[in-house]
Amino acid sequence: MSLLAAGGGEVLSFPILTALVLVPLIGAVATLLTGARRPEVTKLVAVFSSVVTGGMSLWLLASFETGDAGFQFVSKHEWIQSWGIGWHLGVDGISLFLVVLTGVLFPLAIVGCDPHHDEKPYLAWILMLEAGVMGSFLSLDLVLFFLFFEIVLVPMYFLIGRWGYDQRVYAATKFFLYTMIGSALMLVGIVTTALLASDQLGRVSFDLVEIAEGANFAASTGRWLFFAFAIAFAVKVPLFPLHTWLPDAHTQAPTAGSVILAGVLLKLGTYGLVRFGVYLFPEAAVWSREIFLTLAVIGILWGAIAATMQTDLKRLVAYSSVAHLGFIVLGTFAFTTEAISGGVMQMVNHGVSTGALFLLVGMIYERRHTRQIAELKGLQKVAPIFAAAFMVVMLSSIGVPGLNGFVGEFLVLIGSFSTARWWVVIGATGVILAALYLLWAYQRVFHGEPDEANSSFRELRLREGMILLPFIGLIVFCGVYPKPMLDRIEPSAKALLVRVEERAGFSAPDVIHAGDDGSDDHGSGDHGADDSHGEEG
Amino acid sequence: MELVVFVLAAAMILVGAIGVIVRRNPVHAALSLVLTLFGVAVLFVAQEAHFLAAVQVIVYAGAIVVLFLFVIMLLGVDRTEDITIEPFRIQRPLAAIVGLGVIGLVVASVSASRDVIGRGSGLEIPAVTGDGDSNIRQIARNLFSDHVFAFEFTSVLLTVAVVGAVMLTRKVKNGKGVS
Amino acid sequence: MNNVDNSPIDWPSIDWLAITPMIVLLGGALVLLVVGALTPRWPRSLYALATVVLTIPALVIEMVLWNRVGHEGPVAVIGDVLAVDRLALLAWIGITVATALVALSSSEYLRREQLDGPESYAMYVLAAIGGMALASANEFVVLFLGLETLSIALYVLAASHRRRVESQESGLKYFVLGGFASAFLLYGIALLYGATGTTNLSTMGRFLEAEVFVNGDDAMLLAGLALLLVGLGFKVAAVPFHFWTPDVYQGAPTPATSFMASVGKFAAFATMLRVLLVALPSRADDWRPVIWVMAIASVVIGSILAVVQTDVKRMLAYSSIGHAGFILIGVEAAGHAGDTDGLPSSLLYLTLYSVLVVGTFTVVSLVSRTGDGHTDLAAFRGLSKERPALALGMTVFLFAQAGMPVTSGFVAKFGVIKAAADNRSYAVAIVAMIASVVAAVLYLRIMISMWLSDAESGDDQREKVAVPFTSALVVTVSVAFTLFAGIFPGWLIDASRDALVLVR
Amino acid sequence: MLDLIWLVPALPLAGFLVNLLFGRLLGEPKSGIVAALAVAGSFAVTAGIFFDLLSRSEHDRSHVDVLFSWMPVGSLKVDLAFLADPLSITMALFVTGIGALIHLYAIGYMHGDPKFSKFFLYLNLFVFSMLMLVLGENLLVTFLGWEGVGTCSYFLISFWHTRESAATAGKKAFVTNRVGDWGVMMAMFLAFGAAGTLSYSGINHAAEEGIISGVTATAIGLMLFIGAAGKSAQLPLYIWLPDAMEGPTPVSALIHAATMVTAGVFLMTRVNPVLEVAYDWAPTLIAIVGVATALFAATIAVAQTDIKKVLAYSTVSQLGFMFLAVGSGAYVAAIFHMVTHAFFKALLFLGSGSVIHGMHHEQDMRKMGALRALMPVTAITFIVGWLAIAGVPPFAGFWSKDEILLFAFAKSPVLYVAGMAAALLTAYYMTRQVIMVFFGEARWNDHSEENGAHGDFKPHESPIVMLIPLVVLAGLSMVGGAMQLPFSKDLHFLEKWLHPVVEFGEADIKGTWAYDNKYVLLGIAIVVALAGIALSVAVYAKKKIAAVEPVLLANGWHYDSTISRFMGGPGRKAFDAVAWADRTIVDGAVNGVGRVVQSAGGTLRRGQTGAVRNYAAFIGVAVVALLVWFFLRGVVL
Amino acid sequence: MSALLAAATPTTTWYLILAAVLFGIGAVGVLVRRNPLVMFMCVELMLNAVNLSFVALAKRLGDIGGQTTVFFVMVVAAAEVVVGLGIIVSIMRRRPGATADDITALKG
């Protein structure tokens, strides 16, 4: 199956996925090589390479074959042959939109945020970050993934540490070490996985697809391996109680850093859980689902409550991320097509809306040089358009229907309800809290009569508006018409689920279909599962 | 006879060794060392290592200890050391553990294995005769057959020693020290 | 029976090609000494250049030998005392390259510190010869001689900055403890000799393979093994024999430190592997747990102690203990029956680490400025502003030491972890990885100093960091290798895997 | 005509977009006119659809218009689709109709406001959302509108956002509504789990077929009721509605009286088959909550002094009546009362708005009085509204309230008595309001200074744009009862019209004592209404009896303040505790690990004394340890 | 008596035990003495103990290799002494009378 996909990919003469990784990397080098005399050239080079990457990702989106659950545009080459490590890239419905999000978010972050000093290395780091994130989302080789997953830390470390705010070094170090400790375990997990799989594969291979197709781990082994992976991802997500690096990192990071961190970096964790946790170890994932569901729900509530009490606007948004990511984990471990698709969708939605939120908070900081909620007041009166933009993004974050945040959240919840009822019952109260903390913050910042310091708050400028426009466009579009996205996500999510059902014997309670289509119901029967397995890449 | 020799030599060795570690004056320690070295030489003879016995006396007692004494005198560090005082409280207990431990365990190991010593000898060299030449010859043969590389390699070692001595003791040029 | 007196001495056949690298180096060292003594002073970098030139033929011949081993298989030469196999040759190549790099990097150091020219270079070369003998010794006598040659040279190098008391202190400490440990090692050899009747590694290995010990007969053998491990553990700076390392690394002149960390470690580990795998594989069940404990203790204690330091050289010393622990994990893995990952992974680690560490210490030596005293974290403050390229190079080294992907450090760690996992030593692997995260703190601290710290008053009055060509070359080469080997490690992995076939 | 149903929400949406893009450009009053025209157009289309449906046979009065597939994932197939049936069109009619009138009114009311166009932007968005709510073919589209109206309500309550109280009230409304939304979401999940679909037809069909079990149906019903309680301001979630009066009065009229707050009743009616399948105690509970709310809010209204607060509590009370109807299975009566209530409550709010407008934004009734002469049109229309709500025949409120009480009696006399008590109080406090505002002596002169009016303060009648809606609504309030008269089966127009929607859930009360004696009940109702009015006149006009306005009631039984105190006290403390735990325990553990490593390093480094002899000793000890190990391996093991 | 003496002929084990004791004393010496020169002498004691073991074992094994090894050990000892004394001389020149305990600038 993967071979078929690979064959399909080879028809394309242009290795688009490899280019997606390499173009930003080349851009980073090119940025560094530009002369110091012409800062605008430096910026131009950076913007150009990120825009090219973004364009390629959109082209990828356009030529993605809807309905195909397998990996597309596969690029597979030998790399470190002696260890069975290969350069294996591919994209499916689960990773597609994250790739596109990455491609779109970076140019916006580059154009939309100003580092204030040392622009050249700043841009180079951001582009390197883009290459790393792209690589992480595209890798289909465990080591290759690890490589990108880990290397992402370096640019982020420097972005926070050099261009961040007063506590930046502490935050950057915490971020780096915390994530690294997770990945340390994952590396052991990766190696062990490949070695144990080699007994069944006949050779050591770190190829994700090969291992997933060819190896079946004993239950106890699989669980250990799963946890080795899951802890790394849980830190990255971040799942309660491993989340405390996030507020610090977010708060101290420069605006672009926060945008990217929230927008795509956190998704590495949730994406990893889906792609490497559930896909490789379905049995273990099912076995441990209650732990993850519980932690996810605790995270939803905990993050929301903690967010309510924050005095720093950026910290508040950071905690809201903890809550939102909880929904994604909830969906992932509910193991229904709706929930997983919703989770994937929510990854993108959260990236868009929280990214935009950080952008806006960054703009507030640019103007007022404070993020303290207490020092802001009445901004809506002096900057109504700014407030309106903030409002739209905030409503998306709250999960108001018609905006993108709702679609993912709703699909997660409704999908999870059949398999994780009580978690959903409790987790759904998070939507109440989301309204509480965001509206309260909005009230304190935007409502009221502006005091002297805030009355000179500058209205949204054209350039800023142009940056925000795509975000708001996406927020509205994905909320009103999410079908194109769902159509592409669903087959892959379903294939993953079939795999879970087949390997772990897990099946969601059958939904009773009153009248309308019951044909989609693949049930728990082995035959149906086998058939649909054929679509899987 | 052998017993007497052994006991006497052992006594020399141990007395000398203990002398080295308890004599407060380094000169005395060095002289105690000579005693030990001679005792070892005697035992070498008892074990029919005549050549080594000679080398032991010449190199160790004759050269090394002299060098020691020379340095002591050169540096004028022949002050006595108050070994009744130990600045580190745990040092002596640790030393006792180390000394007794090493001695006890090695002795125990050696005793436990006493019957199998020699079992591994693949070579049936005839018992060393009383002929003094023979030992030297055997060593020479051994030296220039099996150990010819090692023998030649000692040149490197000695070069290192020489160059090292030169590097270490040459006068400091350009005066000022930096610390 | 007539005495054997008159029969001609049974000279062993001499495989001249096999010892040509040593001869070339020795000859070169002597020429350097003589020329240095007899001719007027050369421009100083010429000595370094000469040393590098000297290593080239040695390197070429080592390559030729590498090929020969590929065709003809590994052999023990000159009366079976010198093993010519790929383990030895890889070590030789590593040692030779590291020597060339250290020589290059010390050029600037010696000029700045106004220390002598030719002797130091000769000393590096002689020590390298000792290291080479050590790495390929198939005979305990040669092993001991090689070890002592290397060690004595290192004592001298450590103490060679005559105007720094720290240097002398480190020399003295190294010397006293080194002598102490050598005595244990030698005693171990003696006991092994007693238990097996031979000092030849291959013979010993064969003997032990065939021999069956009953109820405590092997006590002497094991006592010898214990004492041997003390000596080897000391040399590789593994916990609990590591105490000298931080003091010596910190006090010694920085190029000497980098020499110790690269050549010293490489040779010592090569010999450790050889002794354990050629002479004592049949006792693997006995020594493996010890190596296991040493490995874990080294990674943990090395990392933990590293993070509380403020002196960069000292940090790196502790981190080198941690790295030794990682290599020991490979050694431990190699002790499992039928293992094919342990030895290659250790060797790979050593190869990558020795280049890495030379690069790191070269930067440190540049930053330490005149007097070699500025090695605390503060000395690195603002390096990114003053010398961005140098800071970038150091960053690469530090990330590599932390094991970040795309650098050789990741490949090294990956290999070792893989070896451990292959033998189901998951606990070791996990502990080691977590310790490496702890160790990352120290690399981060250095990076914080370089990149993220604000300048403090007085910083602008400091001496500027000079980057002469030779040092820049070393850093560039090391960075290039670190990155290249990090991205395309295949050839090195294959090479280290070839080393599996040892002379037995 | 039915195919044009998409136009109904599309027109307000277009109005919204026009105002969004060009609102400031259009300025006052053009943007208001655009908005009003959009809604009026929508009303026209709705009316067309109404007549179209009316012309069809009873079981053909349902039309689904699918715009596009909204969220198709797995077995979840949700379309963005509209359902045109008697219920939705009834709702749409008065939403657009009253909406258009209120838009018109607002053009006058919002005159001079700097954010004039923005107000209409929100208002249009609200109408759009409300139409999505009522026209939704499935629960999710309804939920889209449901949340949309909540959001718009938030915008509009905090329209004057520089006022802290307005901002707080808006937030409070949103969050409280969200509590209810949780229930709606749960109901959706349950329904999807049980019926595999979210479409009303699917769910209702499943309920009718018995696919949804009793327990599930109960759960769905109660969860929806939680949502309805939130949106329709029932106990215990009513607290936001009185505060919502911070918004401009047209908003109060449109959202917080006529349309949005009735969404809960609408939703319950929509899924009446589910409630029918549910355990019996579920509707009973709804009825009890409804009547309790009606009574509870009525008692509070008795002691309010703010002209809009009275109306707000009265709204809560009237909504309670509607839920009483729902709980009693009187869906037609619920809708009937909803419609009549929309007429007279919108009228009352607009009237009060007119008073406030005329009083220069004074809302305290104690500072009014004798306004009937100065504001004749307002006074007359207000009085019509008063009579309607007080239950005086033949005004609209009388008929609808009576129908509810009839069904309540059929269910349980207790409910009837409680409802009657609430009706009595309604008549009482509404009379009180009318007297305080329009009769008695003028008290506004005493307070002219503090009203910020300069110099000569004189209440004035409102402009014509504001009066037209008043007159229209007054007319409707008078004759609205005609759509469902109790006298003959033939006069049950509404019932017949709604029959296909409610036929499964509607209670059958034929044969009960109440049904047989409905004229007796009618009489009682008239007596009670008149008694309430008479009592109030005696107290406030004739001053024969001292007014009883206990502080307890004025403060709303301290319910709201207790909740506020709880949220600000223990609630906030609990939240703080979590934030504290996050900082010190969760994050503290992380930093603690760092500190442990540091201190371990600090301890260990003390071993590195620098004294070479120590080092040798440590190495020696290690040697001994090694020897022991190997000795044990050799000899013992 | 002579029979008794003959029975008590020192065996290789005696030598090995003696060597072990000597080695132990040397080790203890390194630990307890503060004068670097004396410490160094103690190392020499340890080396002599090893030499003694080698010679005794060589005799027992009938292998001359043990004796040859001792020869090399002596060479090493000589070289070590040269360098060691060199280091001590250079350090003592700077800091006359310093003991091993005084030289603790590097620590921690």
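Letters A, B, C, D and E mark the chains in the order given here, with residues in each chain numbered from 1 onward.
The rule is simple: a residue touches a chain if its C-beta (ideal position, glycine included) is under 8 Å from a C-beta of that chain, and two chains touch if they have at least 3 such contacts.
Values in this document were obtained by computation on a predicted structure and should not be read as measured data.
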Quiz item: Counting one step per pair of touching chains, how few steps separate chain A from chain B?
Solution: 2
Quiz item: Can you name the chains that touch chain A as well as chain C?
Solution: D
Quiz item: Which chain pair shows the largest tally of C-beta contacts?
Solution: B-E
Quiz item: So which chain is the furthest away from chain E, centre to centre on CA atoms?
Solution: D
Exercise. Determine the chain that sits nearest the middle of the structure, using the mean of its CA atoms as its centre.
Key: A
Practice problem: Round to the nearest whole Å and give the separation of the Cα centres of chain C and chain E. | Solution: 27
Quiz prompt | Averaged-CA centre spacing for the pair chain E and chain D, given as whole angstrom | solution = 97
Quiz prompt | Interchain centroid distance [CA atoms averaged], chain B/chain E, Å | solution = 4
Practice problem: Let me have the rounded angstrom distance from the C-alpha centre of chain A over to the C-alpha centre of chain D, please. | Solution: 37
Exercise. Send over the residues of chain D in touch with two or more other chains.
Key: 605, 608-614, 616-618, 620-621, 623, 627, 630-631, 634-635
Quiz item: Listing for chain E: what residues touch at least two other chains?
Solution: 16, 23, 26-27, 30-32, 34, 39-40, 57, 60-61, 63, 65, 68, 72, 76, 79-80, 83, 86-88, 90, 94, 100-101, 103-108
Self-check item: Per-residue multi-chain contacts in chain B, two or more chains
Solution: 88, 91, 94-95, 98, 102, 105-106, 108-110, 112, 117-118, 120-121, 123, 141, 146-147, 150, 154, 157, 160-161, 164, 168, 177
Exercise. So, with touch as defined above, which chain pairs make the list?
Key: A-C, A-D, B-C, B-D, B-E, C-D, C-E, D-E
Quiz prompt | chain C residues within the chain A interface of the complex | solution = 399, 404-406, 410, 413-415, 417-418, 421-422, 426, 429-430, 433-434, 436-437, 440-441, 444, 448, 451-453, 488-490, 493-494, 497
Practice problem: Report the residues of chain B in contact with chain C in the complex, numbered from low to high. | Solution: 105-106, 108-110, 112-113, 115-123, 126, 131, 133-134, 137, 140-141, 144-150, 153-154, 156-157, 159-161, 163-164, 166-168, 170, 172-174, 176-179
Quiz item: If you look only at chain C, which of its residues touch chain D in the complex?
Solution: 172-173, 176-177, 180-181, 184, 213, 215-216, 218-219, 221-223, 225-227, 229-230, 234, 240-241, 243-244, 246-247, 286, 289-290, 301, 304-309, 438, 441
Quiz item: If you look only at chain E, which of its residues touch chain B in the complex?
Solution: 5, 8-18, 20-29, 31-35, 37-38, 40-42, 44-45, 48, 51-52, 55-65, 67-68, 70-72, 74-83, 85-90, 92-94, 96-97, 99, 101
Self-check item: Footprint of chain C on chain A - complex, ascending
Solution: 79-83, 143, 146-148, 150-151, 153-154, 157-158, 161-162, 168-169, 172-173, 176-177, 180-181, 184-185, 187-188, 191-192, 195
